[in-house]
Amino acid sequence: MKFKTFAVFVGPSVLMMLLFIAFPLVSVFLQSFQVTQPVYETVEVETCTPGFLEQTCVTEMSSVPKLDEHGEIITTTTFVGLQSYRNVLEPDRAWAAIKAFDWRGLQTIDFWKALRFTLTFTFITLPLVIGTGLAIALAINNAARSVKGPVIFVSLLPFIITPVIGALSINWLFRGDGILTAWLERMLDRDIALFAQAWTIEVLMMIYRVWHVAPFAAIVFYAALQTVNHDSLESALIDGATRWQRLKYIVIPHLMPLIVFVSMIHLMDTYRAFEEIVGFSSQGYVISLQWLTYDFLVPDQAGNRSVSRASASAMLTMIGIAIILVPLLKRTWRDHRRSH
Amino acid sequence: MQAVHRQPLSLKLLSSGFLFFWCIVAAFPIVWITVMSFKSPVDAFDASALNVIFGPQTLADGKGISLLDILAYLGVAIWMGRSIKRTLPGMVMTFADKSGPVWLGWIIGASITGLVVLVVFFALLPTVLGFLNPLVGPLGRDIWGFTTEHYTTVWIDRAFYRNFQNSMIVTAGVVTVSLTVGTLAGYGLARSGSVLAFGILIIALVFRALPPSVLVAGYLPVFINSAELLRPFLGDAAPTLYGKPYAVIAVLVAMNQPFTIWMLRSFFQNIPAELDEAARVDGCNHFQAFRRVIMPVMWPGVITTGLFSFLLAYNDFLVTSLLLDAQNQTMVPAIAGMFNRETTTTDQVVAVAAAVSITAPLIILVMVFQRQIVSGLTAGAVKG
Amino acid sequence: MKLKTLALAGAMSLMSSVAFAECAFENTVPLKSLSAGFEAWKAVTDAMAECGNFEASLDQEFREKQPEAFAANPSLYHIGGVANSTIIPLLNAGSIRPLDDLVEKYGANLTPNQLIKIDGKIMAIAMMVNTQHLMYREDILNDLGIAVPTTYAEVLDAAAKIKEAGVVEYPIGGTFKTGWNLGEEFINNFLGEGGEFFTDGNMPNINNEKGVASLEVMKALTEYMDPEYLVSDSTYVQQQFQQGKIAMSNLWASRAAAMDDEAESQVVGKVVMAAAPMGSAAPATSLWWDGLVFATNMTDEEADAAFRVAMEGIDEEMVKANNDAAVWLVPGYAPGRLAVGAAATAAAGARPYPGSGPMGIMHTVLGNGISDYLTGAKDAATTLADIEAAYVTAAKEAGLVK
C-alpha cells in the first residue's frame, strides 16, 4: 500500500486521537514538571454572613489572588523538575519505611497504598476472570443447543450493565442490612458488617470485578471454541486421550492467543480501576492509582486543585501500564513481522 | 462435537449445575433492582427478602395487583410476543419488497409494535381489568404489592425521556462516526506492513491504557472557552463546545478509537488479502477494492465492534457528566445525580426505577444482536 | 398500573404550566442558572422558572464547572448557587458582581440578614442556613429517664445507657463517610473546641491538644455507631433514624423534615431537635448558608432580569409552599418544631464555616486523612502530623504557602 493511500485511510482516526488524546497527554506530561499558581496577596477582609436571626461579621487576614487589568488572575508558572513526582512518591518516607521493614508505615503513604491495592486487585482478579470465563465458556459449549441462546444472553448481562449502576446495586445488596448481608448473617448466624474493614471491601470489589468482566472472557472463549479443529480432537480420541488431556493439549493451546488477549485487556482495565472505589466508597480503607489521580484533580470547595501532582501521578500510572504491556508488545511485533 | 455425547453423567451434572449457578449470579442483581423498583420505599429497602418480593407495605397502601391482573398481563405478553415473532418479519419483508429498504421496514415495524405494546399495556389492559377486577371476587383481590408510580415519576415528572433522547443522540453519533473512521483505519493498518503502521498500533495501545480522568479534566476549560479561543479563526461563528452533544461525540469517538482500530484490524487481517489484490488486478484502486470486495464481507466484525462502541458511549459517565449541561444531559449522569442529591428514600426508589429504565434498552440490544456478537467474534475479530 | 395515576400525572404537569401566572412579571431575557441539586435549590429554581425563559442546571459537578463557566466571557450562566466555601473561587476571580445597586432597585423584600457582604459590598443573597444539630428519639430518652444531652460527654453517657438497656444496637448515627463528610465532622468538633485552623502565612494549626481532643471525641462516638460508619452519609443516617435503628445523631437541619415523613418514617413525631452538643468553647458544629450570586460577565439588562427572576425564586410564596424543605432566611418562613434545633444552635454561638482558599485544602486533607486514626492505623498525633504535611504539600502547590 502506498503511503498516500495509507494516510488517507488512517488519517481521520489518527487526527482524532492526536487532537483528543495525544495533545492533552503532552500537556499532562509538561505539567508534571511545572507548577502554575496564582500570585496571592494578603489583605484584611471583613465578611458578613447570616446567622439564624442576625449576621455575624468577622474581619481577618486572608489570601486573595491579584488580578491584572483585564480582571484575570495573575499566575506564575515555574519549572520544578521532579518535585511533583517526589510529592507523590514521598521517596524519603517510603525509603525509611522500607529500610525499617515497616510495611504499615509504607502503607500510610497514599501512592504506595494505592499501588499495593491496584497490584493485588489486578493480579488476583486476573486468574479468576480467565478461569471463570473459561469455565462458563466450556459449560455453555457443553449445554444443549436449545438453552445455549438464553444462557448466553443471561451471561452477557453483567458485562453490558452500566458500571455505575452495577456498583450501586452491589451496594444496595450488601451495605448495612442489605438483602445479601442479611442472608449471610442468617447462614453464618453472626453479625456481619461487610463495609467495616478493608479486607471484606476488597473481596467484594474483586467479586464485583470478576462478575462484571468474566462474561466478556467467556463469550470470547466460547466463540473460539467454535473453531477448534475437530479432526485433531477426533484423532486425539482415537489415540485414547482422556478428556483432561484433550482440554490441555488441544483446546487450551487453541485458545492461547485469546487468553493472552483477554488478559491484556483485563490488565489494562484493572490497573486503572476507579469505579469500584467510588461505587463502594472505599476511600477510607483502600484507594487505587487512578482514584489518587482523580482526587488530586477534583477541585476542593474553594476551587484549588493539584494539577501538577495529578499529572505526575498520571504519568506514573502510565509507566506502570507500559511495564505490564511489554509482553503484549513483543508478541505483536513478532506477529507484525511474520504477517508481512 | 461428538465428544459431548459420550460424557459421563457426573460431568454433565457438574457442567450444567455450574452453568445454572452462574446464570443466577449473573442475573440476580439486575432482577433484584427490577423487583425493588416496583415497590414502595419501605418495602424496597426492607431487610427481609420476602417483604421486598411481596411488598406488604405496598399492598397496604392500596397499590397491588390481583391474580387476574397477573394472569392477564402474562397471558397477553406471551401471546403478543409470539404473534410479533410470527408476523413481524413477514410484514417487514413484504414492505421491503414493495416500497423501500429493509432497514426502513424494520424501523417502521418496530415503532408500530412499540406503540401497540404501549397502548395495550398502559391503556387497554388497565381499563379492562379495572372493570373486571371487582366482578370476579377473590381472583380480583390485590394479592401482590406492585406499583409503577416510580416509573411515572421518572419518565413523566422528571422528564427522563429528554435524557433518553440525549443518550440516543450521543450514542448513535459515536457508533456511526467511530465505525466509519475506525473501519477505514483498521483496513489501512491491516494491509500495511510498514513500521509506521506498527507504531500507530502501539501508540494506540498505550492510549487505550491511559486513565481517562486525566484527559477529561483538561478538556473542560478549553471547551468552555472555545468561543474565545476560536474567534480569531472562525469569527463570530465560533461555538462554545461545552454543552454541545457533537463535541462529546467527538471526544468519545477519539477515546474509543484505539480499541476500535485494533479490533477491526485483526478482523480485516482474517479476510485474505488475495481478495482485494484480485480486485486491484482487475483495475480497481484501493478504495474501490475496499468498497466492492471488503465491505460486503466485513459486517459481522463491524457489528461486533459497533456493539462495543455502543456500550462505551451509552454507559459513559466521566465525559458526559463533565462536558454536558442539564439541558442535554444523558441518562447515566442524570441517574448519578439523582442518587447523589440529598435524597429521601422515595427518591432513591425513583432512582432505582431510572436505573432499571436505563438497563432495558441494553437488554433489548443484546437480545437482538446476540447471534452477531458470537459470530463476529468467531469470524476472528479478536485474534489478539 | 392504574389509569388514574397517568391522569393524575397529566394533571400535575398541567398545573405546573398554570403556575406560570404566579410570577409577578414575564421575563423575556433568556437566563440560565447553575447550582447544586438538593431539594431547596429545586424549589427555588422551579419558582424562578415560573417567570419564563429560564433554564436551571442542578448539577452535581457544579463545583467543578462554576469557576470556569462564570469566568468565560460572556458567562455561560447568569445565576449561580453557592455556599460559604464555593463562593471563594468566584470571588477570587472577580467573576461575580457586587449587587448593591440591584438590591436597592429590586430587593425591597430582602432582610439585612440575607445580604452577604464582603468588605462592605453585597456579593451574594443568602436564602437559607443549614447546620448540624442534635436529633434524638424523645421516647427512648424519656423511657430511660435520660436528660437531653448538651455535650458530647453526655451524648456518650446516654448512648451507653441506651445500649445497656438494649433499646437499639447502635445508639448513635454519624455522617462519617470518608471524604467531605468526615472532614466536616472534624471541623465541627475543632470549632467546638475553639480551635483556629491556621496561623500566619496560612500554616496549619491542627496538631495540638484541640485537634487531639476532637479526634478522641470522634473515636469515642464511633464505638456506639454501626461499624460501617466510614461509608455512612447523611441519607444513610437519615434512613437509620427513619427505620428506628439509632437514637441520636448530630445531623443536618435540612434532614429534619424526613423524620416526620409518613411515607417513609417509622418514627413520625418521635424525633426531637435540639442544639448541637457543646464543645469546650462553642457548639460542635458550623453554620452554613446557601445563596445566589450573579455573573460579572453579562450585560446590565441581563443582570437586571436575572436579579428580578431570582427575587421571584426566593419570595414568600415559594417559602410557604416549601416551608419544611430548609431553614429559610426568607420572610414568610414559619419556623416550626423542626427548626428548633437550628435556632438553638445559632443562639448558643455556633461559628460560621470558615470558608477560604486554605480551608478548601484543609477540608479535603482532613476528609482523606482521618479514617487512618479511626481504623487504628495511626495514633492521633501521627494522624494530625500527616494531615498537616499533606496540607502543606497541597498548599505549596496552590501557592498559598511559601
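Note that the chains are named A, B and C in the order they appear, and that numbering of residues resets to 1 at the start of each chain.
FYI, a contact is a pair of C-beta atoms (placed from the backbone, for glycine too) under 8 Å apart; a residue touches a chain by one contact, two chains touch by 3 or more.
For reference, the UniProt names are A = Carbohydrate ABC transporter membrane protein 1 (CUT1 family); B = Multiple sugar transport system permease protein; C = Carbohydrate ABC transporter substrate-binding protein (CUT1 family).
Quantities reported herein were computed from a predicted structural model and do not represent experimental measurements.
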- By C-beta contact count, A-B versus A-C, the higher one is A-B
- Chain occupying the middle, per Cα centroid: A
- How many angstrom between the C-alpha centroids of chain C and chain B? 37
- Averaging C-alpha coordinates per chain, one finds the centres of chain A and chain C separated by a number of Å equal to 32
- Task: Could you put a whole-Å number on the gap between the CA centroids of chain A and chain B?
- Result: 22
- Task: Could you list which residues of chain A touch at least two other chains?
- Result: none
- Residue ranges of chain B touching at least 2 other chains are 45, 336
- Hey, what residues on chain C touch two or more of the other chains? 64
- Within the complex, which stretch of chain C touches chain B? 1-3, 5-6, 9-10, 12-13, 34, 37-39, 55-61, 64-65, 68-69, 72-73, 76, 234-235, 238-239, 242, 254-255, 258, 261, 263-264, 266
- Message: With touch defined as at the start, can you tell me which chain B residues reach chain A in the complex?
- Response: 1-4, 7, 11-12, 15-16, 18-19, 22-23, 25-27, 29-30, 32-33, 36, 45, 47-49, 52, 181-182, 184-185, 187-189, 191-194, 196-198, 200-215, 217-219, 250-251, 253-255, 257-258, 261, 269, 285-287, 311, 314-315, 317, 332, 335-336, 339, 352, 355, 358-359, 362-363, 365-367, 370, 373-375, 377-378, 382-384
- Within the complex, which stretch of chain A touches chain B? 1, 3, 5-6, 8-10, 12-14, 16-17, 19-22, 24-25, 27-28, 135-136, 138-143, 149, 151-158, 160-166, 168-170, 172-173, 177-179, 182-183, 211, 215, 219-220, 222-224, 226-227, 230, 233-234, 237, 243, 246, 257-258, 260-261, 264, 268, 271-272, 274, 289-290, 293-294, 297, 310-311, 314, 317-318, 321-322, 325, 328-329, 331-333, 336, 339-340
- Residues of chain B defined as touching chain C within the complex: 40-42, 45, 63, 65, 69, 122-123, 126-127, 130, 146-149, 152, 156-157, 220-221, 224-225, 227-228, 240, 242-243, 321-322, 325-327, 336-337, 340-346, 348
- Item | Parts of chain A lying in touch with chain C, wherever the complex brings them together | 35, 37-40, 45-58, 61-65, 67, 71-73, 76, 84, 87, 104, 107-108, 110, 175-176, 193-198, 280-285, 295, 298-304, 306, 308-309
